Each structure stands twice: as C-alpha cells, then as structure tokens.
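Chain naming follows the written order as A, B, C, D and E, and within any one chain the residues start at number 1.
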Amino acid sequence: MKTYNKIALSALGVIVFLLAWEAVARSGVVPARLLPSPSAVPAAFLTEFKSGIWQAMVLASLSHYLVGLSLGTFLGVSFGTAAALWGKWDAFQAWVVRMLRPIPAIAWIPFAIIWFGVSEGAASFLISLTVFWINYYASYAAVRGVDKDLIELGYAFGQGGLIPRLFKIILPGALPGILSGVRAGLGQGWMTVVAAELFGISGLGMRMMEASGLLATHIVVLYMVTIALLYGVSDFLFMQVQSRVLSWQR
Amino acid sequence: MAAVTFPKTSTASVIDLEDVSIGYGRDAPPVLVDVNLSVERGSFVAIVGPSGVGKSTLLRVVAGLHSARGGGVTIHQDQRPGHRPVGLVFQDSRLLPWRRVIRNVEFGLEGLPVSRDERRSRAEAALKLVRLDGYARRWPYELSGGQRQRIGIARAMAVDPDILLMDEPFGALDAITRHNLQDELRRIHQETGKTVLFVTHDLEEAVHLADRIIVLGGTPARVVRDVRNSAGRDGSVFRDQVEQLRSEIADNYSI
Amino acid sequence: RAADPVKLEIGYIPILAASPLFIVDGQGWAKDAGIELKLTRFESGPHAIQAMAAGKIDLLYAGVAPVLVARTKGVDISVIANSAVEEMVVAARGPFAKAMGATPTAESFKKFAADTGRKPKIGTQPPGSVPDTVLKHWLFKVVKVDPADVELVPMGIEKTQQALLAGALDAATIREPTVTVTQQMDPNVALLATGAQMFPDQPGTVVAARAEVLKKNPDAIKALVKAHIRAVDLIAKDPAGSAKIVNNYLGKGLMEPATLEAAFKGPGSKFVADPHKVVPAVEQMMAYTKEIGSATETVPVAEAFDFSFYDAAAK
Amino acid sequence: MKTYNKIALSALGVIVFLLAWEAVARSGVVPARLLPSPSAVPAAFLTEFKSGIWQAMVLASLSHYLVGLSLGTFLGVSFGTAAALWGKWDAFQAWVVRMLRPIPAIAWIPFAIIWFGVSEGAASFLISLTVFWINYYASYAAVRGVDKDLIELGYAFGQGGLIPRLFKIILPGALPGILSGVRAGLGQGWMTVVAAELFGISGLGMRMMEASGLLATHIVVLYMVTIALLYGVSDFLFMQVQSRVLSWQR
Amino acid sequence: MAAVTFPKTSTASVIDLEDVSIGYGRDAPPVLVDVNLSVERGSFVAIVGPSGVGKSTLLRVVAGLHSARGGGVTIHQDQRPGHRPVGLVFQDSRLLPWRRVIRNVEFGLEGLPVSRDERRSRAEAALKLVRLDGYARRWPYELSGGQRQRIGIARAMAVDPDILLMDEPFGALDAITRHNLQDELRRIHQETGKTVLFVTHDLEEAVHLADRIIVLGGTPARVVRDVRNSAGRDGSVFRDQVEQLRSEIADNYSI
C-alpha cells in the first residue's frame, strides 16, 4: 500500500472515531457529565495550558514514564533472557516469579512508599513494574524460540561463548519478539502512570484523579487525549524504528 | 557442546575417532557405531553413503557440535591467531537472516584478533572466490539457493581454517560453477595443506577430489569401506574407481 | 528566629475538611512561625496512613477512623487537633430520591423495594470507615430500616459519586465539596440526611501527628496548631476569602471559588478545631462499630488524643 | 535437566524467597505492621476460611477473572491477527488503537459502570481490557513474523484461501508468539482483578482493599498469597500445555 | 499471487509463456526477459542454467506464486476432483515444522474432496515412494537433509498433480536413492502422462530424463537454447548430448 493511502486511511479512522464519540456524547446515551464530547477538549486545553498546569503535569508524568519505562524494559528483557537461557536459574526463579507476578501495582504502593518515600522514584518504580513483567514474558518466549540451528552455527564459528552467542545470535534472533514486548510495554507504562500517581506524586494521573473527584470530566478527557497523543506519537516513532531494525524480515 | 579434546601436541593425524558411537535422544538407537577414523594432516577425505546414513551427524561430532555417545574424539590442532582451527560448511546454507551477505561472511572472523579492515578484505576475498562479489549488500532472502550455499562456503573460507569440514557444499550448484569451485578448493588444499573432510553424493566428485574415500553404510551405520584414491580426473582408472564405489554403496545400502 | 526552619511533611486527602491546612499554608502562617511545610496529597486514608507508618509523613489531615485503626496496629500517632465534624451526608437521586420524600422512613424503604422489585443500592466506603459506620447508624438506628431492604456497596470515594451520577447507585454517602458539585451538576440529587441526622456530632477529619515528630519539634507543632485554629476561625468569618485561598489547593481550574464558598456555607461543612469536643462522639462511634461487627475491639479513644498542643495553643 | 532436579530447584527458590521475606519482616527494616511475616498467613487463612469469606471471595474473583481473561484473550488475538493480516484495516485502526490503548483501567471504570452497572460484568470488562491489549500486540507481532516462505507453500498447495491460510499456516506459525502473549495476559488479568473490584464488586480485590483500609495487613498478605497460588497453578498448567503444543519447536 | 490464467479449454500445450519478463522489487533490473515457452501436455521438460540465473523464479511464476512483470502466463489445466492441477517441489524442502512427516505429506490433500482415510493412504503411498515409510511420525527437525527433500517430493506426489514442477528435487540425494527416484519419476511420467517441469544442475540427469531441455543464460536471463532430446540412458548419443549442453551453458555463463 502506498504511504499516502495509509495516512489517508488512518486519518479516516480517527475521524470516524471522533465523530462516533461526538455522536454518543450528544445523543445522551451516556450522561454528558460523564462523557464530554471531543469538541469540549480544546477549550479545556486552553484553560489548563494558560494556567501552566498542563505543561507541568505533562513534564512530571513524562519523567516518571521515561524512567519507569527504560528501567522496566531493560530489567524485563534482561531477566526474561536470563531465565530463558539458563535452565537452572529458570527453575530456581520460576515459582518466585509466579508469586510476584500477579501482585497489582496498588499492592506495591506501600513498598514503593517505604523504599522511595512519596517521591518521583516511587512512581517510576510502579511504572517499571508492569513494564517489567510484559517484557519479561515476551523476552522469555522470544529467546526460547530462537532457531537452534543458528545457535549451532555460532558454536561452529567460535561465537559459542556467552557474550557473542547472546549478542550475535540470541538477541538478534529474538529481536522481533522482544520488540513486540517493548511495544506492549510502551502502552502499559502509560496505563500505569495514572495508578502510580495516586498517592501524592504530581502528574497527569494525579490531575485526572483530582478532576474526576470533582466531576470535571472535560479535564479528565483532556488528559486522556493528552496521554493518547503522547503515546500515539511514541508508538508511531517506535514502529518506524522497528521497521528499520527488522528490515531483514521481509 | 565441548566433548572434543584439543591436545596441544601436533601429530600426523589431525582428527582421531576411536570407537565412536553417536545417537540422537536418550533412548533412540544409535545412528553411527564403531567409528574408527584417523585423518592425516593435509589429507582430503571424502565421505559418501546413502541419504540419512549419518554423514552430517559425523561431521557435527567432529566439529564439536554434537557429543558422541561413546568413544573418543580428538582434534589435534593448534589455534593460529587470526584463524579458526575448524571451518564448517553446513548442508543447509544456514545464513543469519539479519545480516547482509558480507556480514554473514565476516561472522566467523569476529572475535579473532583481526582488524576491522582485514576482516572486511578477507570477507571480500572469500566472496570473490565464490563469485558473488556483487552481492555483498544483499539480504540472505534475496539470494537464489545456489547463491546461499556459496555464501556458506565463503563464510567457512574466510576464517582460513586448518580443518575444513564441508557437508555437500556444491550440491545446489550448476556444473560450471561447481567445477570452478572444485578447482578452487583443490588449489587451496594443495597450496595451504588444509585438511578437508568433504561429504558428497557425487561419486565422480569424490574420486576427482579426494585422496581417501570413506563409505558409510548399514543400520546402525559404520565405516564399510576406506579407500585410498589416486585416480585422476578422467580415464579408465577414474571410471573404475567410481563404479567400484557405486557397487560398494549399493551392497551396503539399507536406509 | 536564627534557627533553620523546621521542615514538616503533611499529608492530606483532597476534601473540604482539609481547608484549614490550605489556609495555613496559603496565608504563609506556617512560614511566619518558622515552619517549612510540604504538602502531599493522597487519594485515600489507607495510603496516607501507610506512608505515615513508614515515617515518610509527619502530620496528616485524615478521618479519625484510620488514625485510630493505625494506633491499634502499633503505629505511634496521636490526634492533636480536630478539623471538621458532621461531614458525611446521604445524597440520593432519581426515583429513589422521589420515593423517600422529605423524611425517609423504614416503610418508604420497604415500599421502594416492593414497588421496583429491587433493593436500593447505597454506595459508601468499606466497613470500618467513618462513612460506612455513620451510614449504618442512620439506616439501622435512626430510620430503623430493615437490613433486608437495602444493599450497601462499598467503593472508593470518587467512584461513589461517579456511580451515583451514572445511575448505578440510588444513593451514596458523600462529603463536601462533592455534595455541592454533584447538586450543581444534577439538580435531581437530593439530600436524604445531613451529617447531624446520621450521627450526632459525627466525627470527621482530624489532625494527627507521629509521636516522634511531636517529641522532636513541640514548639513548631504548637505553632502549627495555633495557625490551624486561626484558619478554622477564618473560614467561619470569611467563607468567600477562604474559598479563594482553598481553591488554589483544591480543584484549581476545576471549579470556581464560588462553588467552594457555597460548600463552606452548606450543611455538610462544620469546622471545629477543639479535639476535646469530639472525644465523646468518637467513643460512641467506636462502640457502634463494635456493635455492628466492623471492629473486634474498642479502642481506648482518649489515649489517642494528645490535647496538650491544642490546650497550649488555644490559651 | 532432570524433572526432579527442576522441582528441587524451584522448591529451593520458594524457600529462599520465603526465608528472605520472613527475615525482612522480623528484622524490622520494614515496619512489621506494613509487611507481616509469611508465618502469619496460615492463621489468617484459618480465620478467613472458617468464616467462609475466603471461599466466597475466591470464587467471585475467579469468575470475573475467567470471563475477563477468555474474552480479552479471544478478542485480543482476533483483532491483533486481523490488523496484522489486512494492511487496510491496520492503517484504518492504527491511530484509533493508539488513542484507546493507553487509557488506564481506572479511567474505564465510569464506562464500565455506565454500561454494566455495579456488576460482575463491569469487573470482567475491566479485566478483559488489559488482557486484550497484551494479546493484541503479541499476536500482531507474531503474525507479522510468520515465515513468508511457508505462506508461499500454502499457496502452492491450494491452502492460500483465507481460512486454510489462517488456520494451517499463520496461526500455527505465530503460535509461539501468541502463546507468549496469552501467558503474559494470564498474569496481567490477576493484576487487574484488584483494580476491577475497587468499586463495589465483591471478590479478592475488594476484600483486600477493605483489609488494607483497616491496616489488617495479614489479611492483605493472605489474599496476595492466594492470588499468587491461583496464578502460579494456572501459569504452571499453561506452561505444561504449551510445551506439548509447541513440542515441534525443539 | 494470481496473475496466472486457467482457461477452461484443453489444448495441446499446458503451459504457455508469452514474452514474459520477471523481476523482484519495483526498481531492480529484471531477472528474466523475453521468455517464450510453450510446454506440451505430457512432456518432460528439464530446465538448466547457472546458479542464480532464474530457474526457481521461473518455476514460481508458472506455479502462480510470483507475478510476472510483463507478458502472459497461461496454464491450460482443468481441476480434477481429488487432485491439484499443479504440484511443486521446492528447492529448499520447506516443510511445516509444526507438522509431523505424515501430516506434511497430507498438507496438499487437505481441502480436496478426499476422505480422511484416502488422504492418509495416499500420503503413506507417497512416503513409500520416497522410501521413508518408517518416518511418518517424526518431526521435520529429526530428519537428515536428503530425507527432508524426499518428504517435499512425497508431498507433491501425494496430490497427484497433472503438472509437476520440481526444483532440483534430487539435489541432496546419494547416487542410489537418486537413481531409484529418477526411475520412479520416469515410470510415473510414462504411466500417468503428467507434464513435468524439472530444474536440475545435473546434465546427465537432464539428458537421461527429459524429452526437452531448456537452457537459461545471460543477464538478464533468457532462453538461450531449447533442445528436443531423445538420447537414451547411456551410449555415445547421451554423452554427446551432455557435452553439447555443457558447452552451451558455458558459452552463456555470465552470472
């Protein structure tokens, strides 16, 4: 498909989506006080932007997000790869992981507070947690699925040592799977930003909860759209980079 | 992956297999049994035998990629800097799909004390050898079957190994390309004194190139024949040798 | 003053009852007293208490119930002043509000259940919290509703009002400023009971502090309590002015100061700084909590209060 | 590695973990009231079990979980596969997905309430949402990565029509990636159970919030352990099934 | 994937290529140009040419897997129930890794109006044909290179196609297995009147099996020679034919 066809289709999709939303909001199927129409967003944006709150919140959340995302992604890929590579370590940690995995962000909050205090660090910690798990499982499966023949090839050409095997065979071979995990984590991180700012750390999430508590739904929606745009752009860029990195994939 | 011993001393035989038996899985019957084989330094040994007899398996054991079930596998080969002791051409071409052709050829050179420039120039030379110097920047999926196989040969040649293990390296090549590469291989063998272990289905090729031919046969397979060969390229000696091998294989054909 | 300012971290829940804190900070009274305040906002009492138990928060504006619970769990904190009482009200909407009329009775509950074929759903916070306790008190002690005729749905504070406005609940316990906001949004929302009707002198938000902090900085705390008393007075004297200050902390850009002013003047807002006054009500509430089985033991209430700072400040 | 070696290592891992936890809890590094020691769990379990609350909560959450998980997995795999297969549909939905993806469970709660009321359905809806996204991205990447040569093989042997291509080539080829998504969703579902029961739907999550409000941390930990066991068992069984299904993978 | 026309009428020629040119990518130079080829029903056509000349590409176009850049590709073949019009043996064996051997052989039969039992028995017969009847329950990765290639042949044979397209099907087989399968193929061709298009590097094989030999050569490649062949299995006519082809290819050898 030509690039401009793609862009046109995407634009069409967004327009259809916005129109449907506007229609639902106007029809009254959903009470207007719970779902403002998208046309209310620009005005809300102006107010928040002028008061400087929008910029402050975006910057704050962005910093939690970026720190949490990088940390979670890095550790998730590392631990997932390690578990997939060493049977012994895998067996050792398998059930510990099973015990820690389902603990929700909310239950980690007390620990976040204990370890980091009510600080930016705590928010980043919570974000990194969810991102960690997604990357852990994606990397684990991807590394497990690397073609054994290629690993054998590595041994045949003196690249069987841990470091060359890992960086020349396993990681490139697992890359498509790992990147799919990173991408899923990209969104999961934003989903967690809100939960991570429930306890006194300022940012988009906190502002949204505050607005939601006062039923200022147009502000809530403004920040939802903000998150959507931030995520949308980063996901788009990620996909661009990915398609270059995986250009060998046909 | 390391059931192979590399003793420091350098003797006349480079590869020594003693009473080796090989199998896949724990309980499956062995594929090869009682393999006794000692390959002299600088010799060119062809391995022939029916499909599925265990030729690739034997090569993988010599390369240290598969451990034997029993017996001793010894490789007497020092590591020379800038070279790998063993170079292997796989039966399937086995290229890394995420590397362009030139980087696939460079693969075995990485990690050796070889400068980046030398690595590139050795890889380019190897590509030229297999007549694919115009294909350096292609992805593996953009190659034909025979081209892929030649990249596999170039990769093994680039590391300039003392022992060259080749698993049907010319199987997917047309007659002319094949002859060219056979000549190149013979030249390299004679000039550098590499030890070559060469699996082939083409008996003419075996008789033409090798100075020793090992015939595998039977279930489980063993070495059924081990012939010194000095038949030339053509003529009646050559024909006789090929015909004799053919009947030898037919007698032990069981898979 | 030559000494460095005393640093105090104060946690709060974004409700109207935390207004004195906002005024103290907003007017710069704490700074004047040589105290550097750091305000930290929490979405719910438990998270705030956890932070306090972990020593990350020095003082806290929160409901009296979590503070008392925390004490039974060995967290060394005391109530040093009161902030507001009679905060919770019961708001209803739709057919249920109509069916209840001006004075809800046990019969009207039964009738609603019979007419609609379902029990009215009332949203509140989880058992053991002040809202749950006072709601039950109102339902079962005051109105004497048959427990079989209502369904109590425990949920988070701000979920309650969303669910109410979405029509998923018939009534809910809410507090200011959301009472005012909700009514502005949906005129059909009616108050079924005021805080006083639910539970006389219904205890609410208090100021609690860690014992360690009290020991370390008695003077600063005393000054802070003094400022707190001053703020409570200001709210009573000048609700409009107070609303402007508070709006900077509560719902800035999300609602008008006028809304806050209305909330200050509404029936759900009663600020009392004197901790002595709430002790009996707290004791009664604790007794009732035990009666309905939300708590297994009664807490010695008076021990949880440290009146010395208030007494010194109020002199 | 032998199976009994694996089991022994896993047991060792769990024991080390529990001992470390007990040590931390006793040492006082973390206030005991915030982190009860694991030895407090059995007693808490007995109380909750005798009163019948434990069973009721487990059953309730399990039903939300199972419904949400199956729905989210099924829809996630379907939409992810569809987007990966049809370029036009992919382009059309790409940006709409980008807008919806980062919306956190908490922000969906009002919609859940509007659409389902305060009901079991609302909880299942929220669970299915997070599970959906993980499966969506995993399937998308997995389907994209299917060997083009095998698809060509399908065309060569009359299996190029949508149905045979999908079921005989694409789905089996993408299965390792899809299953890795399903597995990640398995855990994400439990992580969301708690958030999904924050608004009046009874279950483990609600009971945990109740207990946490009363600082009854031993009860909180009991339910954490309960979730961990439920998840651990289901993940273990899933891995057993997966290793059979993927036995062709070496 | 469907630039191939299947007209209903049945004429003497089964495959008709008219002025076909073929290329990869949008802007890359074409691989094959000016291909005019009309294959008679029931004939056995061998395609030879140097590695990378475009033999596999040509076969893929005939099979409808790749669209030609220009020109017309027509396949005159009705669909008989229970058969596929075209069966293809890939140069790489291309087995589905998640299917056991027998299910790989059954692959092409699925979707045909053939009962489950018949499908199984046809697959078993095809396995027997390639002498791998004992390997039905194996996974593809448990096979040797030659065994994998034979499964690919069995898969194409199982659908009993009217047109058989084979891309170096015997390349990885030892002399004896190869001869057996050559004989089988010849027998099947004679008994059933299938049309066979056969890519090979082995000129002896081409001369031995085919009644027409197409030589591809040049860059971009075209048909440089199209010979009727009726040389027997041995003898001087055979030798001459092979030698002539060899020089033919050498003259047009450019890749």
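Here is the rule we use: a contact is a pair of C-beta atoms (placed from the backbone, for glycine too) under 8 Å apart; a residue touches a chain by one contact, two chains touch by 3 or more.
Each chain and its UniProt protein: A, D = ABC transporter permease; B, E = ABC transporter ATP-binding protein.
Because the structure is predicted, anything quoted here is derived from the model rather than measured.
Trainee: When you check each chain against subunit A (ABC transporter permease) and subunit C, which touch both of them?
Mentor: D
Trainee: Taking each chain's centre as the mean of its CA atoms, which one is farthest from the centre of subunit B?
Mentor: C
Trainee: I need the chain pair with the most C-beta contacts, please.
Mentor: By contact count, the leading interface is A-D.
Trainee: Based only on mean CA positions, could you tell me how far subunit C sits from subunit E in angstrom?
Mentor: Those two chain centres are 83 Å apart.
Trainee: With chain centres defined as C-alpha means, what is the inter-centre distance between subunit A (ABC transporter permease) and subunit B in Å?
Mentor: 49
Trainee: For subunit B, which residues are shared contacts with two or more other chains?
Mentor: Within subunit B, residues 92 contact more than one other chain.
Trainee: Please output the residue numbers of subunit A (ABC transporter permease) that touch at least 2 other chains, ranges allowed.
Mentor: Each of 31, 34, 110, 114, 209, 212, 249-250 in subunit A (ABC transporter permease) touches at least two other chains.
Trainee: Multi-chain contacts in subunit C: which residues touch at least two other chains?
Mentor: Only 50, 54, 162, 166-167 qualify.
Trainee: How do the chains pair up in terms of touching? List each pair.
Mentor: A-B, A-C, A-D, B-E, C-D, D-E
Trainee: Touching residues of subunit C toward subunit A (ABC transporter permease) in the complex: what are they?
Mentor: Interface residues on the subunit C side: 9, 11, 14, 40-43, 47-48, 50-51, 54, 56-57, 157-158, 161-162, 165-167, 177-178, 181-182, 185-186, 251-255.
Trainee: Under the touch definition given earlier, write down the residues of subunit A (ABC transporter permease) that touch subunit D (ABC transporter permease) in their complex.
Mentor: Residue list for subunit A (ABC transporter permease) touching subunit D (ABC transporter permease): 1, 5-7, 9-14, 16-17, 30-31, 34-35, 87-88, 91-96, 98-107, 110-111, 114, 130, 133-134, 137-138, 140-142, 144-145, 148, 176-177, 179-181, 183-184, 187-188, 190-195, 205, 208-209, 212, 220, 224-225, 227-228, 230-232, 235-236, 249-250.
Trainee: Would you mind writing out the residues of subunit D (ABC transporter permease) in touch with subunit C in their complex?
Mentor: Its residues touching subunit C are 31-34, 109-110, 113-114, 117-118, 198-200, 206, 209-210, 212-215, 217.
Trainee: For subunit B, which residues are in contact with subunit A (ABC transporter permease) within the complex?
Mentor: Counting only subunit B, the residues touching subunit A (ABC transporter permease) are 1, 60, 63-65, 84, 86-88, 90, 92, 94, 96-99, 107-108, 110-112, 139-141, 155, 159.
Trainee: Where on subunit D (ABC transporter permease) is subunit E touching in the complex?
Mentor: 149-150, 152-153, 155-161, 164, 168-169, 172-173, 175, 247-250
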